Amino acid sequence: MTELTGKIVLGPHQYGKAENRVVRIHRDTPRHEIRDMNVSSCLRGDFGAAHLEGDQGTVLPTDTQKQTIYAYAKGVEFVETYALALARHFVDDVEPVHSARIEIEEYAWERVAVDGVGHDHTWTRKGSEVRTAAVTVQGSGRARREWVIGGLKDLVVLKSTGSEFAGFLTDPYTVLEPTRDRVMATSLVAKWRFTTTDVDWDVTYAGIKATMLERFANLQSKALQQTLFEMGRAVLEKYPFVAEIRLSAPNKHHFVYDLERFGVANDNEVFHADDRPYGLIQATVQREDAPDAGIAWDAYTGAV
Amino acid sequence: MTELTGKIVLGPHQYGKAENRVVRIHRDTPRHEIRDMNVSSCLRGDFGAAHLEGDQGTVLPTDTQKQTIYAYAKGVEFVETYALALARHFVDDVEPVHSARIEIEEYAWERVAVDGVGHDHTWTRKGSEVRTAAVTVQGSGRARREWVIGGLKDLVVLKSTGSEFAGFLTDPYTVLEPTRDRVMATSLVAKWRFTTTDVDWDVTYAGIKATMLERFANLQSKALQQTLFEMGRAVLEKYPFVAEIRLSAPNKHHFVYDLERFGVANDNEVFHADDRPYGLIQATVQREDAPDAGIAWDAYTGAV
Amino acid sequence: MTELTGKIVLGPHQYGKAENRVVRIHRDTPRHEIRDMNVSSCLRGDFGAAHLEGDQGTVLPTDTQKQTIYAYAKGVEFVETYALALARHFVDDVEPVHSARIEIEEYAWERVAVDGVGHDHTWTRKGSEVRTAAVTVQGSGRARREWVIGGLKDLVVLKSTGSEFAGFLTDPYTVLEPTRDRVMATSLVAKWRFTTTDVDWDVTYAGIKATMLERFANLQSKALQQTLFEMGRAVLEKYPFVAEIRLSAPNKHHFVYDLERFGVANDNEVFHADDRPYGLIQATVQREDAPDAGIAWDAYTGAV
Amino acid sequence: MTELTGKIVLGPHQYGKAENRVVRIHRDTPRHEIRDMNVSSCLRGDFGAAHLEGDQGTVLPTDTQKQTIYAYAKGVEFVETYALALARHFVDDVEPVHSARIEIEEYAWERVAVDGVGHDHTWTRKGSEVRTAAVTVQGSGRARREWVIGGLKDLVVLKSTGSEFAGFLTDPYTVLEPTRDRVMATSLVAKWRFTTTDVDWDVTYAGIKATMLERFANLQSKALQQTLFEMGRAVLEKYPFVAEIRLSAPNKHHFVYDLERFGVANDNEVFHADDRPYGLIQATVQREDAPDAGIAWDAYTGAV
């Protein structure tokens, strides 16, 4: 029986202000500092009446969330602490809010070098990977729970050797040839869940990134799957306050171009970098004693 | 205690071939038909050894998944049945696969009109909303389960009146003024879960879209939240074989431009369409007697 | 001798405000109308001192250009006349301006159909081709010159038969096989220069588009080059007040997928739509008695 | 008289293969090198019959151009010399070709640092500015002409002080307030024309970029116009074999956010980075004794 007659009700719902492009300049000394961020807020709580009856009495406008995000930017030190401050504010100070999630992307800048010295107040945008943070704060008093997920995305990394792919399952649609030496490239997305909010944030971010890159570079890879697991394992081994790490990696195919037909030898030297389709490998590496993740992974953007 | 010492293990993992750009032309008669699709596969099963030891013995290459996707395209009738056929094949014919998920985006085309008549074999791409399908097939024999999620994305819709926003909660950061007449615009993402695979797919898709648009157009809206719920409710009322619908709607702000200072009256006539930030409202409308959703909503792209 | 010692001087220069997202709603009657536009201004004139000495005395701020663009939006009827009004204003009313160029993209919307009737104040964005206009006004009094270039971009069009490619030049790098039946698809950019500003703008736009599409559809094409020329010729034959038309067409390759190896016949039925690279064919069709084009084609965006 | 009756003829036309994604790995020693490029070709010559009659007898397929681009990639040393080799080949070896233009974008990679040492065969993509080259070769024998235009795009640069904007022209639409201290940011596009092909390409590219950045950083700017001119002048002063430089710079507005209303001081510390609209400033800096530019600036992509 596929026809349903049950009562139609409101299910999970949330709302917020997405993609506030906040730039914070610290200029207390001649040597300025910059934090360039894209900040999204998301609130969950007693908002049913807005959906069911159009009653906005419990709804803090998304415009207000925007104002709050800019107001709190004055106190930015790290994206993670900024997100925590915002999420705590919404849960503590806005009565209908039961939980709040703040997601931040941070874009890196580097000082312009003039005569070998970094300039005091001029930067170029690095344009490499984007640092991400997703903070969820839930409940009050003894029921208070807080989760911080650090991460990065768009880390494009390539190795020109040290990767193979062979011994795979075949079926009637399999035409791929095994290889013992190929280019491996990806645009990595990684998210790691902290067990604490007492972290040296910038140092830890740099350390986790370096740890993953070292594994990518030095592991003789039998598959992207293996590389991902080893990258995750290395992070967990080094950082006992990380409970789990999730990795998503498109296999950005670099096909050896057939130049033999033109009398040109091509020993893994000339490649076509293809756009689509691409393999997509996703894996979680976790600890058996990891604490409950709660709603920490419930996404905001793209949640539906 | 935030330092963990538990064993490091592999958690949930999956892999597949994303974004295969398949175009199927039906040309058995002079009046051709076209299906233009972006197809992604995702397999779950016994792939632990690939991660842990680099052993590919159970891994069907993503290249093979690509070949299979194109081979099965010969039989395309609807995107939903094409996805079902692919997912069933991977579960039934590839031993290590426990469940398979196929996601398809379909791009609409319309016949070029020549002298008022649609051309037999020439089309322009409509470029409006993208139709989506996400099919999950799990298990074999009596344990077999199948879910189909239909949907659309990028449906950009705007109403120039019939929308208000007032009576909202205020706090010290609230500067927004209430309004009784505003532009409301969004780029809708909607996904609905079917309770059956026995559906008149094209007719149902058109009907659900029309039902949502009628509600958007005719409801005097007190908030985007209310509009979303009413759109969802109307769909569920009309389609008893839809168990739930999830809606995500950016509030694409159109700000009335201040022209009074230049001596030009502006009674909701000239607007600035802003890019960022934007409100983002998300809601689920469901039935109390909806069957279990299983892993139907476990996303592929962006799962991490 | 490649070392130069000549005086370093300022060459051609211009400035303006790009991408003002203006939405104009006509709401004088219950049946509203919408014009959704992206407007860019560009001024040329006596601005040398701003470059050479940082003296802004002749520089009308780009912020002022923005305010003007919104203020003039009240009077929008067609994008071409709106652009003309803006360009004339800058040349006539701002003393240092010698010439002004206004570029507009217009996004099409269609009324939501409810019970078969278009809704009074709700639309969905069509998302098909973008209509473009580029107006240049130069000089005052008897030296006044005005040019209007109409156009479209992103018109994605495909024919599933009626296209061939054979008899081409070959060399040692040629591996392509000739074909007598292939898919031909492009994302057309076209720009046509009017000889007058006295035009029935909406009707003419629709007519030129329809004329090009008819040729694309009905011409048995021996090459995309031929199709472009015939499209352009048909427009010029039908519209004696169009002096020339420029066409740029990526050859969006649809490769027949090799399914024979899997025992599946594929008679131009299943294709891979490739992203990159793509052929790019560009041509101008013009009249021998076309008047001087002046600076009409000097682009703004992307001019450098 | 705006109605034309002159003969309809083919005007300027060209064709080629755009966006070949070529990756060249140099692996003759354990320390590999990488060149990651996007290569487009464009040919002009005796191709009228293809347009007028569909006769392909003089048309070298764009597929052949693709094969040639990959075949020549074996010999890549710099993008400029690679482009020269390709352009010369098409003009010299393909009879109907009168002139050839090769455009290349190069994406930078940096070695992954492991224990402070750059890895031999693993890189991350830098993602900062894109290096560009556009080479045109025309004619044979004594009529041979060659032009090389170097450049960069997407160089995002910001200074947090040292920029002002005041003393500008005002009119009735002017509401902007002058400022003596603002953030100035842009995403620079620059193209410079060489007078020779005998250049130390990588060193020169780095030097020109550094020269422009020094000026951006250290000049107390009265306007973006002034900064652009001084950047260009510095390049021409330092490099006597550069004939001219063209600069295009969007003014990426960073608006000081009004936090006073919430009791928070904001002395150029918290900004909203706006997307659109943006100012767009374009200027050429050249020498009085610069040689003729020929067709060097005739673009390919976007030429129509």
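Letters A, B, C and D mark the chains in the order given here, with residues in each chain numbered from 1 onward.
Keep in mind that, in the parts below, a residue touches a chain if its C-beta (ideal position, glycine included) is under 8 Å from a C-beta of that chain, and two chains touch if they have at least 3 such contacts.
By chain, UniProt protein names: A, B, C, D = Uricase.
In this text the structure is predicted, and so the values were computed from the model without any measurement.
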Chain A to chain C, fewest steps along touching chains: 1
With a Cα-based fit, what is the angle in degrees between chain B and its identical partner chain D, given to the nearest 5? 180
By mean C-alpha coordinates, which chain is most distant from chain B? D
Pair joined by more contacting C-beta pairs (A-B or A-D): A-B
Any idea how many Å lie between the Cα centroids of chain B and chain D? 38
Any idea how many Å lie between the Cα centroids of chain A and chain D? 31
Rounded to the nearest Å, the gap between Cα centres of chain A and chain B is 22
Two or more other chains are touched by the chain B residues 20-21, 67, 71, 173, 175, 262, 275-276
Touching chain A in the complex: which residues of chain C? 172-173, 175, 261-262, 275-276
Residue positions on chain A within touch of chain B in the complex are 2-21, 40, 42, 47, 50-64, 66-68, 71, 93-94, 96, 165-171, 173-176, 189-191, 194-196, 198, 221-223, 225-226, 228-229, 232-233, 236-237, 240-244, 246-248, 250-251, 276-290, 300-304
Within the complex, chain A is touched by chain D residues 20-27, 32, 34, 36, 67, 70-71, 73-74, 109, 112-114, 119, 121-129, 154-162, 183, 210, 213-214, 216-218, 254, 257, 259, 262, 264-275
